């Protein structure tokens, strides 16, 4: 799947039409077919190409996952493309290359560019981050509304801001349901897996301490199930797969809420599916938007935090890819509107609110 | 023609840098004992390895019972009823005797009628019977690691007999045995022949050939010199043919000129790994200009005494003094420097580094000293010069001079290299453990000469040997060991061979 | 808590054990085998691929193909081990280099092929083959025994299969004539050769068995950890198996003990972390438990350890 | 008959160049590499791409051949320098494996030793704010000593308790990985990169973004050191008493003991040197090529270096060449992936194939000598 569209090698067609952008996506070791984060970005590019058939994309995998190696990989190929799409925090360092290559456009996802000579915004870098707490909030509501045992939990990787945002958002959502709809849903936290965020503060939650440790994910999953939890939100990268396995193996009726992208496929369990819904970062749409901006000439470098107001956060309610009740969906959508308008503002790692007290609660 | 059961015609076999067999033709009659004689590296083992399917010849043909065959594997040889008792035993150390013997032709039984398993029980029984019927009693359940060398050899012989071999090849079977054991083995061989088997015997010992063999082929540097009728040939002539010159059997030994005491061993006790006392309260001393020989049946503690003196084994009690200096707890290197040369029993795994070249091996005891190295830096030219000098002086034969990998040298030449290295150390005390084992008579003569020469230079020499003849020939003083204790220490003139033999068997106490 | 330790510990220890047995076969025959990691990964790859392919073509749900996947993983591991066998035996390659290279190749090939096949055959970009989770069952009357009862609770079917195969492997290695020759080949190949047995054949079979068993172990890991195949199967468990078999002195039963120690120390580490109620960052410290424990135990138990005498030596008839 | 002849011809082509025994240490790897590239070419053909272009792209990406276009401030030189930068730790790591092998020990724990040294050097020097003049040499010293201690521990465990070094190094690898991950996560994390905080420029062994002639290049200071160390090591092994003893211990422990060599001391010493070299690999990796440490990740270099070391015939100078080759493929693979559309994994497959074929060096040698014998025979028969 290295080539896509009508590409025959990026260096062959020297005369590109105006919209014949040469795009490259450089991904972390999991690659653009990870059915998750990277793939979602890649799909954004693909759907752009569908509209602009002269554009081409090449995908390149950086095999170590090290930020320096990521930047080196970009440096190796930057000369040959017009647009460089880099999903992931590993690529924050491309700002240096952006300065050195002012004729190239960079789209950086889920990270802000690293500082270069005191500068943090760059005219040829469009860096997008997402308000994870919003998506977390929505699925927190979903969990609280759908739970039968009245016990829910969130499993994370490491307490980096993006993860804490998800966690706080989720907890905000649960609390919101408890308050607004009078439920009494408990958020289960396993002692021994509390997270310590980047400032050193204890944020609680269930942190596996790793984004790629499936066995630990499974241990946590099993422990939660044993405590009677029946809805688990996973925002833990590969570690989440372990939780899914634990749920599938369990003979209890437990559901998973996916993170980042629609994880419906991962939930297939025989004739059933364990995915309740998924919290979304709408990256594909935003990548496509920026590519379009490049074609339109409206592209501008910026560091933006994307929120519900641009439909950049959300949850899966597409027919056949979730198991939420009508009622739940309508309740969530109500809250979604409030969030879009800013009336509800769930807690995030650093926005000063807590899951127990945030605007709109 | 057809009275030959084995015929090898125009056999040539080359190894890199050497023609091991050069157009050799021999024929062996059914029911005879046929001996192969030749210096180290003459090509005896190679020729027999061809017959037993280990090697394929580069040229030449082999006929068995008149039929031309190409013996492609030991298995094939076994089918032709040829079996070889290798000098270097091919045994699995951790297996029992039975397991070793049945390996490859295991008798099977079924468990619950389904699962086949190796039927050790019945094999044990069968081997016990077999061993009795040939007078080779063994305990089939013993592990090889617990056996003496001569017992291991019995296992090798039993292996061949178990496979119903008709043609038995023995490669230097007596090299590792005591005189009594040799007697015994020769009787067995004679018995086998009477039982209708054909025997090929490789040995360096002319008296053995004289005693049992009918005919004898002499090889020299890969070529067949002659095939002799043993009855009608003198041992002297055989030796001459083999070495290509006159050999003197009398050691030209002058009386010893003994000087000051060099080595003193007091109440030495040594335990083996299992905590068993193998040397018990042994005391003796050796003076400069004296050859002190320890006589004894294998595994009576003599090697451990030598090892303890050289520092290879720990002493559990007692004292060792070298030139009045207490070395009981010194490290090996210190002892070497204090003046000990040591020719170990196991030349391949202790005496040499087989993957290194000759020059490097010859410098193994001196590399860290001037002129071989200075301030920790080696001087390669010195290594080469030294190597070349020793090769010359001690007639060490190797394919590519000092650069030859020691692994590819014949056993006799490996031994020469060790002896050369140790003599060159000029130590006041020299320990020789089985120095002539597996070495041809020409070389034996040389080694004995060298020992006496060193003695005459005033060295103290400790000789550990299983060969009674050797001990009687060269020793000035003989200590006889039995069961870890020195039974008797006396000057060699005052003892007869028979007496020594009796002490060795524990039949007589001093 | 204790139950979880036992249940998780066993489901980790047994696949490790079967891979280690594979290693024992190979090394007992004299062939150093660092390639276990690659074998288990490639085996799991073939097993998972077969299951998804069969599911795709026949319409049977992939969750029903558990045993099919196990079977094919053995075939796959064995196929891949041919490389090691040919290199080490026929081409007299350095056994260490061969093992290392096979691991590199296995990771590269399976990652590449998984992506390629997903696109070409299933028309869907993915870096893994999704399997159904394995059933787990409980042997009721045994499960009620205090403490040990946990060993009969929530068992994966593969645990039973591994126990059965391990018994057979034990029998084959120590009681059959093949096993006798195999062990002899690793101690003194010349003796085997002189006995008219083809050393190469014995060693070849031994390596293939190691591939077969490792493949099975890999598939079990794939099922017990995430019920899919992806490159995350290469977690170093093959090397852990090597450590276990050396710890076990190249003998099957002591190796089982070593694997159980690993398994229980691993699940025990997680349990302790939970009991201690320290923040998640401290789990890293508890994760070291199996490894540190092993080292400590080795200090007491490895005095008499001894590798097969001819291990790693290229067999050459002429050489002694 | 015809087939036989063809077979003979083919083997002539392969074996003729390697018949001269004196040159075999060089000719055999070269022939194996050529064969493996042929095999790799077949693989690339099978996936429908042009192998020549792919190989050329590899060379371009590694800075051996010019690319058609360069990004700002980049040129073939900068690419080449970054090749050397990446190659430096690999040379050290492979030398580490080689020294241990010479002593008959199998250091499978190079990556763990790298990690420990890199970490200790990072927290002692990397965050210290010392001047470059002091910091850079200090990093090397700390790296060598730390690695040496870890290696020495392995040697000591082996000597004192008979703990197989393969097991102890595997265990230490995991232990180091988790413990260091713990400390990084607790005290040294950079939340943006999710790795340890970057070390200071002063402590870094690679001069980064050096501007010269409108180029920005990374100059690996450790590279020169790597070459010097390789030569020193060669000298140490071949020309010194220490080397002699280490090799003797490696070749035959019993005989070495008999010769008065202190076997235990030499095993520990060899492991100290090996670990020390791994430590240098660690600091040139974590404080050179990179400037921080990824938690819970062991570099794959530990295993690659085993293969590279054997590919280089366990010979220090050979190792320089084998590291160079493997680094080219590693470094060029991103560009190859971009240009030829060949997935990154194929680069690993190519490396695997090269190593695979070079593993068969002994076989080639054996075949060559067989052929030689046959030729001698034929000649003799003729005359």
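Some points to look at:
For clarity, chains are labelled A, B, C and D in written order, and residue numbers in each chain start from 1.
Operating definition for what follows: a residue touches a chain if its C-beta (ideal position, glycine included) is under 8 Å from a C-beta of that chain, and two chains touch if they have at least 3 such contacts.
Being a predicted model, the structure only gives us computed values, none of them experimental.
With respect to chain D, maximal separation of chain centres occurs for B (centres as means of Cα atoms). For this structure, the chains sharing the highest number of C-beta contacts are C-D. With centres taken as mean Cα positions, chain D sits 38 Å from chain A. Each chain gets one centre point, the mean of its Cα atoms, and the points for chain B and chain D are 45 Å apart. Between the CA-based centres of chain C and chain D the separation comes to 28 Å, rounded to the whole angstrom.
Multi-chain contact residues, meaning those touching two or more other chains, occur in chain C at positions 115, 281-282, 284. Counting partners per residue, chain D has 185-186, 296, 343 as the residues that reach two or more other chains.
Pairwise, the chains that make contact are A-C, A-D, B-C, B-D, C-D. Within the complex, the chain A residues that touch chain C are 1, 30-35, 39, 42, 159, 190-196, 202, 206-209, 212, 214-216, 218-219, 222-223, 226, 238, 241-242, 244-245, 248-249, 265-266, 268-271.
On the side of chain A, the complex with chain D involves touching residues 2-3, 7, 9-11, 24, 58, 60-63, 65-69, 72-73, 75-80, 89-90, 92-93, 96-97, 100-102, 104, 111-112, 114, 158, 160-161, 196, 198, 209-210.
Against chain D, the residues of chain C that register as touching in their complex are 34, 83, 87, 90-94, 96-98, 100-101, 103-105, 107-109, 111-112, 115, 236, 239-240, 242-243, 246-247, 281-282, 284-285, 287-288, 290-292, 294-295, 298-299, 302-305, 307, 314. Here chain D touches chain B in the complex through residues 238-245, 247-248, 251-252, 254-262, 369, 373, 376-377, going by the rule given at the top. Of all residues in chain C, those touching chain B in their complex are 171, 175-177, 180-181, 183-184, 187-188, 190-197, 309, 317-320.
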